[in-house]
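Two complexes, one shared chain (chain A), two partners (chain B, chain C).
Up next is the complex of A and B:
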């Protein structure tokens, strides 16, 4: 756990690639709306026209500029993933720390709850709520976070159990440090690398879920999303549109997922010598 | 010894309890969520759809949906395969489900068998050649592949092999209305299965490969492998009879957890390749806002996933007697 982050991490090719890609996406998201040459909801152009100097990626079947659409779609997918990943991380870390530190009945109840949630396929709950209530994407990302925290809290709990026996933690308890003081000052900061891994893998999962849900048509059809763009473009796959309409959202989605995969796998490899990266990614 | 076995039994009961609870929660959600909709179920369901109801029909539907007052009644209906009536297809939901489920089972089952067996063997072989240029390249390639979602591989394969090269059909599970002999039909089904199957294998294979390789890397360093070498055993025997069997367990224990997540990919892949399984049924139901179908497919497939994971959890002990059910 006690690895000097700065020294090792940038020598890893995978981490470097992931980091650079993440930087590119961050810039795209921040300045995206300013870069977009047209309003992505403007339907006044000639439908299904090939790219030209004005419309870099051409026009879709609804008469909308594909390049502008793409810039907004990336934002939506990334925001969904980040919200879900952050909330899942927060909930997972707190529950893991509490379960590991207090133990006993609290631990048992929380971990059994985690077991129950782990076994339920998240996509099914999302589909059911999305089909019945048509909630906002933000609501859905929160629901997804509520289903994704167990893997994080299990890792954190295991680490807390180990840390509990450490001398400095025992000393902190001896000098009269309260439960929350020890959790906040000693346990929480020491597990920092685990948060990064958990966050990257959960964000990756959430983005994948967002794209799939959008592809299946469970979001508001006017909301720009990579999944929805692919779903619309696939309907015309037999026409000569694949390289300007179908391929860009596919490439962006793959690059997004790759970014987080690379970050998660390389972080695990550097920080956790037991090489269990795939477990967190898929669990 | 005695204490140990009672501990085991209670552990198993605990597992069954957890999964029973999960199943109950899923069923209860599916029962209660539609009741939280504003108005009643019939209004909510048919308001968003393309059908117009006469007064008689509406009264009949309302009677049908308000009749099952209690949760127990709902459970009973579930067991009796009475899952409601699809208005888009005008058939009982259970009939639709039973018609599409075999295709999904065929697709998902074959994809898992192939990706697990080949992924495992490839992972074991890769870990044995650890550090060579070939191994590094393959591991890199697999990491790259792990980052490509099913949507992307599915669409790209569809474009190349169904549209450009026309080697495989772009839709369906078999040629319609063809009256052919048994073996020709099997070949035809395989031909239609190929593209969605390859998509799923490409999605599942890297995970299995990396997991098997990483577990093997730790096992190879264990003293018993050195002992086996010192005994002068043949290389392949050490690799498989001694080392690889220990790498099998993580693959099995992780399968259950990954399954709950991997279901998502199947839905998308079936839709891309228009494969007539549960995913396409669900997609069509979503498009038509056919709530009874969505509800039933979601519930039944979740219950099936739960059953598979539970069965696996109970079998781990047989695969590996050392496992202590620690969590």
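Up next is the complex of A and C:
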């Protein structure tokens, strides 16, 4: 896992594209509310109006400015994804390290638990939970994280098992290094590249889930989301709204998912020796 | 030569006219292969009295299979199984002369004993759409005459029994003890113009086949098919369906494609259900505050782009013959709403929301997307009402639910406020009993309000009053009290439209007062008969 990240990463087209898109979205999320020309909940405009200088993407069926709505929707979708991704990563890393390092009964219990969770379709659990208990989006993102950690933990566990046999880890143990010391000082830092890949893939999945749940109408209908925007726009398929109302949230959701996919692919290519391209190696 | 030319031209013109007339008459009488009706929801249950869903489209699915004693067309009541009917006040009975030569779908002969049996069966196994409480019993006087005796004068008899009660075949149903569990094909044998062939619950499709021995004539289409299709513009334009409910803003595009557009009267209302059994909604003043906080026109403008009409707070539609034009109304007045809330002890917190005894005033609104004919629309009613309530200082938790879930919660009183809706507002004024009386069954949208004894008394009186003018006066009073009590708030009547393809030679229409109890759907079976 000794990779010169700085040297390789910026030569990769996938990473550069993903990085640029991520930068654009980060700016949008941070300054979105300031960029929004109108309150996205303000229903005082003429419904289903085409774009004009004042309303860049026009007005939706509820008399709301679509551009302002889009800016807030991106924030909500991304926050949901980031929360789920980060928590799933945290839980997955801890469980993977503990299972891999301690082994034995702990490993067996944790990995069987992971197997059970892997067998359950996350989307079904989310739909049922959202429909029956109506948790807040934050709580729902945590529930999703609770269903997504197993794949991360399995990867981390496998890597931990390999690292456990490394000489420097064995030496640390011989000279009296405690379990947590070794995990914290040797194992955790060395697996950093895996975290990025795991985080990117889980965040991507969570954002798509959030949009799906919102599309199904399982969130508060006043909460802005790319999925909800798509759901409303689709119902007016028979009007000429696809390019200014339906297309923007679909494009943003696709770009968000693509951003993380590009980053995940590039990081995987760079960090996984088996996937290193000849070009990168020569560079 | 000139004369010969003239004769030839005249002969040719005559021949052309005869050909055209011949074709026209052939078209009028020929049976088309099939008629397809599009429906966005699809599944409305099996088409018999005990298996259809308790909403209008479910009843309409059944109406193709089962005939009633009388029926309605675009002008009013018409004969069906009964060719004539009279009311005898001395006997307290309705007397029906039945048509002769009527057959059931299985070929057996229909007779007055089937009508007597049906009355008894519905008294023993209640059917929510036909309240039999005021019917004492029925007696056959020969094979073609039936007397239905009442317990007391019952003004809505024709609207609620004679014109709604599907007549069941005695030879089949006499052996069925649990009608709700009957799956057998014999449970769908009727005297209606169409035989029930198949229902696919998953796909939401229904298939009916013409009953060529139908006593009112051969149906105009060999097969009648309901398909589940949520995009009426596309289904009508591509010929996938011949009739569909449409959104008002689709009308122009469909007109250009040669479709006929039907516009219905105001017979369906979107309604805010109030759980008046729990505080603070049990307080009339609080409910009135909610009514003052609501701006009906704003809901129509913002959530429906102006396609709708503000509803009467007295429930009956302004198009109803018994509508009271002096029904109290609540002009949108946030200041008045706040004044009432403050008189009830609510005080505003720093954020401008009301609190009482340190508890925030927070209401939950269940929102669902139902509209006329059980269709679903992209609905922002909940959002607009939330804004209106929050503008006066009431916090709102808006919950979007599927219609069936909302219905179930309302039925179990497991809600604060719920946005729902129902039709029947153009039918008999007994709808007021059905939608107000706490003992009423058969509707998930009834306010079930029993707190005002005077209202209950009037409701009881209006159904017993056989004099039209006296009944009108009672119904006027009911609307006034209902509007004052606001046990539920009628929000608006959505603009209701349907479109059909005239190429099949079928003329569809909206029924006078709605099908059955007042269903505002343009699928009257008589369109395929006469």
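As a working rule, the second predicted complex is superposed on the first by the 274 of 283 C-alpha atoms of A that agree within 3 Å, B and C clash if a C-alpha of one lies under 4 Å from a C-alpha of the other, contacts with A are read in each partner's own complex, and residues count from 1 in each chain.
We adopt the following convention: a contact is a pair of C-beta atoms (placed from the backbone, for glycine too) under 8 Å apart; a residue touches a chain by one contact, two chains touch by 3 or more.
This one's a predicted model, so the numbers in the text were calculated from it and none came from an experiment.
**Q** Should A:133 be classified as contacting the first partner (chain B), the second (chain C), both, or neither?
**A** After superposing on A, A:133 lies in contact with chain B but is clear of chain C.
**Q** Of chain B and chain C, which one touches more residues of chain A?
**A** B
**Q** Which partner chains sit in contact with A:119 here, chain B, chain C, both or neither? Use first/second/both/neither.
**A** In the superposition, A:119 contacts chain B only.
**Q** Is A:63 contacted by the first partner chain B, the second partner chain C, both or neither?
**A** So A:63 only meets chain C here.
**Q** A:254 contacts which: chain B (first), chain C (second), both, neither?
**A** In the superposition, A:254 contacts chain B only.
**Q** Touching A:222 in the superposition: chain B (first), chain C (second), both, neither?
**A** Second partner only, chain C.
**Q** Classify the contacts of A:211 with the two partner chains as first (chain B alone), second (chain C alone), both, or neither.
**A** After superposing on A, A:211 lies in contact with chain B but is clear of chain C.
**Q** After the superposition on A, what does A:239 contact: first (chain B), second (chain C), both or neither?
**A** Second partner only.
**Q** In the overlay, answer first, second, both or neither for which of chain B and chain C A:163 touches.
**A** neither
**Q** Which partner does A:262 reach: the first (chain B), the second (chain C), both, or neither?
**A** So A:262 only meets chain B here.
**Q** Can you list the residues of chain A that touch chain B in one structure and chain C in the other?
**A** Shared contact residues on chain A: 131, 217-218, 237-238.
**Q** Could you list, by residue number, the parts of chain C that touch chain A in their complex?
**A** Going by the criterion above, the answer is residues 231, 233-234, 247, 249-250, 253, 301-303, 305, 367, 377-378, 380, 382-384, 386-387, 397-400, 405.
**Q** Note which residues of chain A are touching chain B in the complex, please.
**A** Its residues touching chain B are 14, 111-112, 115-125, 127-129, 131-133, 151, 154, 205, 208-209, 211-212, 215-218, 227, 230, 234, 237-238, 242, 246, 250-251, 253-254, 257-262, 265, 274-279, 281-283.
**Q** Residues of chain B touching chain A in their complex?
**A** My answer: residues 18-19, 21-22, 25-26, 29-30, 33-34, 36-37, 44, 143-144, 146-149, 151-152, 155-156, 158-159, 163, 207, 210-211, 214, 217-218, 250, 254, 256-265, 267-268, 271-272, 282-283, 286-287, 289, 291, 294-295, 298-299, 301-302, 305-306, 309-310, 327.
**Q** Spell out the residues on chain A that touch chain C in their complex, using ranges where they run on.
**A** Touching chain C from chain A are residues 41, 43, 47-48, 61-63, 131, 134, 217-222, 231-232, 235-239.
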